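In what comes next, subunit A is part of two complexes: it sits with subunit B in the first one and with subunit C in the second one.
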Partner chain A sequence: MALIEVETLTKTFKISKRREGLSGALMNLVKREYQFVQAVDNISFHVEQGETLGYIGPNGAGKSTTIKILTGILTPTEGRVEVNGLVPHKQRRQHVKNIGVVFGQRSQLWWDIAVIEAFTLLRDIYEVSKNDFQKQLKKFDEVLEIGPLLHIPVRKLSLGQRVRCDIAASLLHNPPVVFLDEPTIGLDVAVKSNIREFIKEMNASLGTTIILTTHDLSDIEYLCQRTLIIDQGKIIFDGDLEKAKNELARKRKIQIDLYEHIDIDVIREKLNIAQLEFTKRNDYSLTISFDKNEISAINIIQTILDHFHPRDMKIEEPTIEAVVKEIYSEDI
Partner chain B sequence: MRVSILISLFVMENLRKSWRHLRIYIRFSKIRFVDKLSYRAHFFLVLTEYLLIVIVSYFLWKAILTDGRVIRGYSLKDMVTYVAIAGVFRFFINEFSGAISREMGGQYRTGELIMNLLKPVSYQLYIYFHAFGGILFHSVFRIVPVLTLWALLVGLTAPDHLAIFLTSLVLGALVHAGIAFLVGLTIFYVEDNSGILHATSAIIELLSGTLIPLVMYPAWLVSTMNYLPFRFIFYQPMEIYLGHLGKEAGIAVLCAQTVWVFALSTAGYFLFKNSIQKITIQGG
Partner chain C sequence: MRSLFFYSKIYFRYLSQYLKSRLEYRADVLIQIVSALSAQIGTLIFVLTIFNHIPDINGWSYGEILFIYGFSQTSMALFSMFFSNLINLGRLYILDGNLDRVLLRPLPPLLQIIIERLDIGSFSTLALGFGALSYAAVKLNLSFSYHLLFFFVVLIFSAVLILGGVVLILVSLTFWVKDPTGAIAWPLMTIRDFAKYPITIYSAPLQVFLSWILPLAFTSFYPATLFLERTDYIFHVRMTPLIALLTWGIGLFIWKRGLQRYESAGS
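And now, the complex of A and B:
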């Protein structure tokens, strides 16, 4: 049995439509019209213990809705969800003991009290021993540099400081399953890479299962062996994004700058390969696109070197962003 | 012998567990208590409001109950005590509608509710204990000093059956918390429940007896109120305080209060369970 099981999960929201203007507002008082939005549409997937799963998709695709169902906040309209053998929305209190949740956009800490007070409260709630608690605090301080923040009330923290404290708070009890919803939002590069390292380390040493949603695809590239892509409530990709990068983005580009004037017909003739696409950038520069599975870049470069005087050459690898873009557009 | 050891171990274990749970909720009370301490100007303004109301009602009743007159069992001496305590009791009413009903609405709108749902604690108890912190604050910093002052300057009847009175006061607070929680849940069903909150505050003030003793209302209203929980918030504890109810009647009140506490809290528990299924959070 997998750690997280999601079968034919559907969540429909009922939203009251607003009419425009004053007369519309008056009409709303008398008669409301409702609109049904299918945020998550019949999705199924399993996550094994110890996996780091990336969960991405464009805005409004249903990512957060799925996370909220998995954490027990939302009740699914249809389908079955089980995490660690528990049904999140039915056995909420037992369930949340086993999970850690970071919503980058909203705080998990009590607004009015100092950070350390919130931490000790969480220590009592999750029944963490004093010894373990001190160890955790020390570890978090090393990675997240939260030491100087401990005695500041939560409401006075900046976004970056708050997110760091939030991450620490949600991992205080060493939960076996961690949900990270945009955890690196608003953080600077140094802290971001610290957090990445920390997540990777936690996954490796404790076998923590991690579900990560983010818009920063480099997070995904660095951390996740497996990625789910959701769009308009449906899963459109489930697998290794690195592999997808190799399969899907087969188109490679070489940019060539020459000392002499460029005549495309001459170059085409010399190269003598059918499936090449030429784009002239200016009189001295052009781009050649080709399928990397069929044509080797070396052949092209060699021919150019033999017959022309190149000033510079650049091979463009597809970026992970381009891959995801391609998956989105294929879906449409 | 062995069985009794096992049973006592079981009981001990459960007591230990309950105590550990209770300690967490008490910390929610503490947070509210400390938070309250930080508003000084508010403190003095509310105190002034209280004194004005109590002094006006004091002179009103002094004018009505001249020459040893007694209305429906209330003498001037009773009334002086009644208005003084009813005056400070308004702090409790404000605290419950503020820390419970209004707070729940605020948490729903800001998403703090979600944060609380992600913790392995009971939301209902968290909200209750949150309010108890405020109640404790009012008791220590307002009610006790003000009533001491009132007792020295104007005079205050000593309570009959002190233990029964205090118990009924605590149970009354629990009835009140139960009502406030149910009212707070309306935020799940309407977009803005501030009208409902104002209305219930007014109803509670009228029907709990903080304005005037309930016996002074028309007979039909008094008999209606026997079927409602509001009188157990303030009026019944005060009847015990003033000695209008004997020991047996007092204990009967405690029993009725316990039933109401149980009924309201259970209703709150199930309604909350039902309500959170209606949560729709937009954004991603």
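And now, the complex of A and C:
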């Protein structure tokens, strides 16, 4: 049995259609029309213990809804969810002892009290022994550098400081499963890499299972062996994004600058390969797009070298962003 | 019982954290206490003035009315002190999504919400309410045996629970009816003033309403009659703890059902 099991999960929200303007608002009072939105639409996946799973998708795709169901906050409309053998929304109190949750957008600490006070309160709630607590604090201080922040009220922390404290707070009880919902949102490069390092370390040393949602694909590249992409409530990709980059982003581009004036028709004739796409950038420069599974870049370059006088050539590798974009567009 | 010990410990931990966080804003605490106190003194002067001119209403003497008033204020103050955050449940927790944070902790969510805030200003209401109650008791020469004292504690406790239960029922409706202003609980705040006076001064439909629909008469008038040695309402006195259990039962039922409909907020 997998650590996290999601079977045919669906969550439907009932949303009232709002009319525009004040008169529309008054009309809404009298008569309301509802529409049903499937935030999560019949999805299934399993996560094994020790995996770091990336979970990505555009805004409103259903990422947060899935996370909120897995953490026991929302009750699913249909389907089956089990984490560590427990049904989150039914055995919520037992379940949340096994998980740590960080919402990058929203702190879970008490606003007005010092960080250390919040930590000790959490220590008592989760019944962590004083010894373990000290050990955890020390560990968090080493990587997340939270030591100097402990005596500052949460409301006075900067975003980066706050997120680091939030991460520490959610891991005080050493949970085997951790949900990180956009933990790096709005953070600067230094803090981001700090947090990534910490997540990687935790997964490697403790075998913690991690579910990570993010809009920053470099988080995914750095941390996740496996990624789920969700769009409009449906899972449209499940696998290794690095592999997908090689398989899916077949489109390569070569940018060629020549010493002579470019005549596309001449070049096309010389290359004599169908399925090539030519885009003239200016009189001396053009871009050739091709499918790398069908045509080798070497062929193109060789032909160009044989017949023309290139000044410069550049092969553009697809970025992970482009891969994800392609997956989105294939789905639609 | 280990869990009882655990929960009391958590309760006091939350309480001390709350007080610490309030003391971060010393001026605010002071203003809150002073303003609550002056509002209470204002009401008390008003009541005393009225009662001084009207020696009895509808067969209820000045002392008796003051006793009922004191009972009502005492239960009201204890309610505000311990359950005041329930009133914020709709807007602050259900609509703004703060319930997320609460649901992620291994404690009963209602308990967490209740103990996250303690209304310090209610101390002044409590002092004045209890003061009025004691003054009336002395004036009326009421005798308080041990078992009456025990009933007093049970009845005050029940009255506080009834107020909490009614508020829980109303705010839990926010799961169905989105109510961003918290207006669902407003009528209660006005209607509760009716409970400060003997219920017999109102028309029959209003009496039925205050007894069996919005059972506020059970938070003041009915339980108070036990100590005033009026035997006509003994049935209602006995009903008081049952009404308390019933309102909480209904409140918890609606709350639990609503929790399954919780939609959180944004991402």
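In this section, the second predicted complex is superposed on the first by the 313 of 332 C-alpha atoms of A that agree within 3 Å, B and C clash if a C-alpha of one lies under 4 Å from a C-alpha of the other, contacts with A are read in each partner's own complex, and residues count from 1 in each chain.
The rule we apply is simple: a contact is a pair of C-beta atoms (placed from the backbone, for glycine too) under 8 Å apart; a residue touches a chain by one contact, two chains touch by 3 or more.
This structure is a prediction, so every number in the text was calculated from the model and none was measured.
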Please determine, from the superposition on subunit A, whether subunit B and subunit C clash or fit. clash
In the superposed arrangement, does A:Y34 touch subunit B (first), subunit C (second), both or neither? neither
Partner chain in contact with A:P153 - subunit B first, subunit C second, else both or neither: second
First (subunit B), second (subunit C), both or neither: which does A:R93 touch? both
With the two structures laid over each other on chain A, which partner does A:F13 touch: subunit B (first), subunit C (second), both, or neither? both
Footprint intersection on subunit A (subunit B / subunit C) at 13, 59-60, 63-64, 68, 71-75, 89, 92-94, 96-97, 99, 101, 103, 105-106, 108, 110-113, 117, 121, 124-127, 181
Residue positions on subunit A within touch of subunit C in the complex are 13, 59-60, 63-64, 68, 71-75, 89, 92-94, 96-97, 99, 101, 103, 105-106, 108, 110-113, 117-118, 121, 124-127, 153, 181-182
Applying the document's contact rule, which stretches of subunit A touch subunit B when the two form their complex? 13-15, 59-60, 63-65, 68, 71-75, 89, 92-94, 96-97, 99, 101, 103, 105-113, 117, 121-122, 124-127, 181
Using the touch definition from the top, list the residues of subunit B that touch subunit A in their complex. 20, 23-24, 27, 31, 34-35, 111-112, 114-115, 117-122, 276-277, 279-284
If we count contacts the way the header does, which residues on subunit C are in touch with subunit A in the complex? 6, 9-10, 13-14, 17, 20-22, 24-25, 97, 99-101, 103-108, 259-264, 266-267
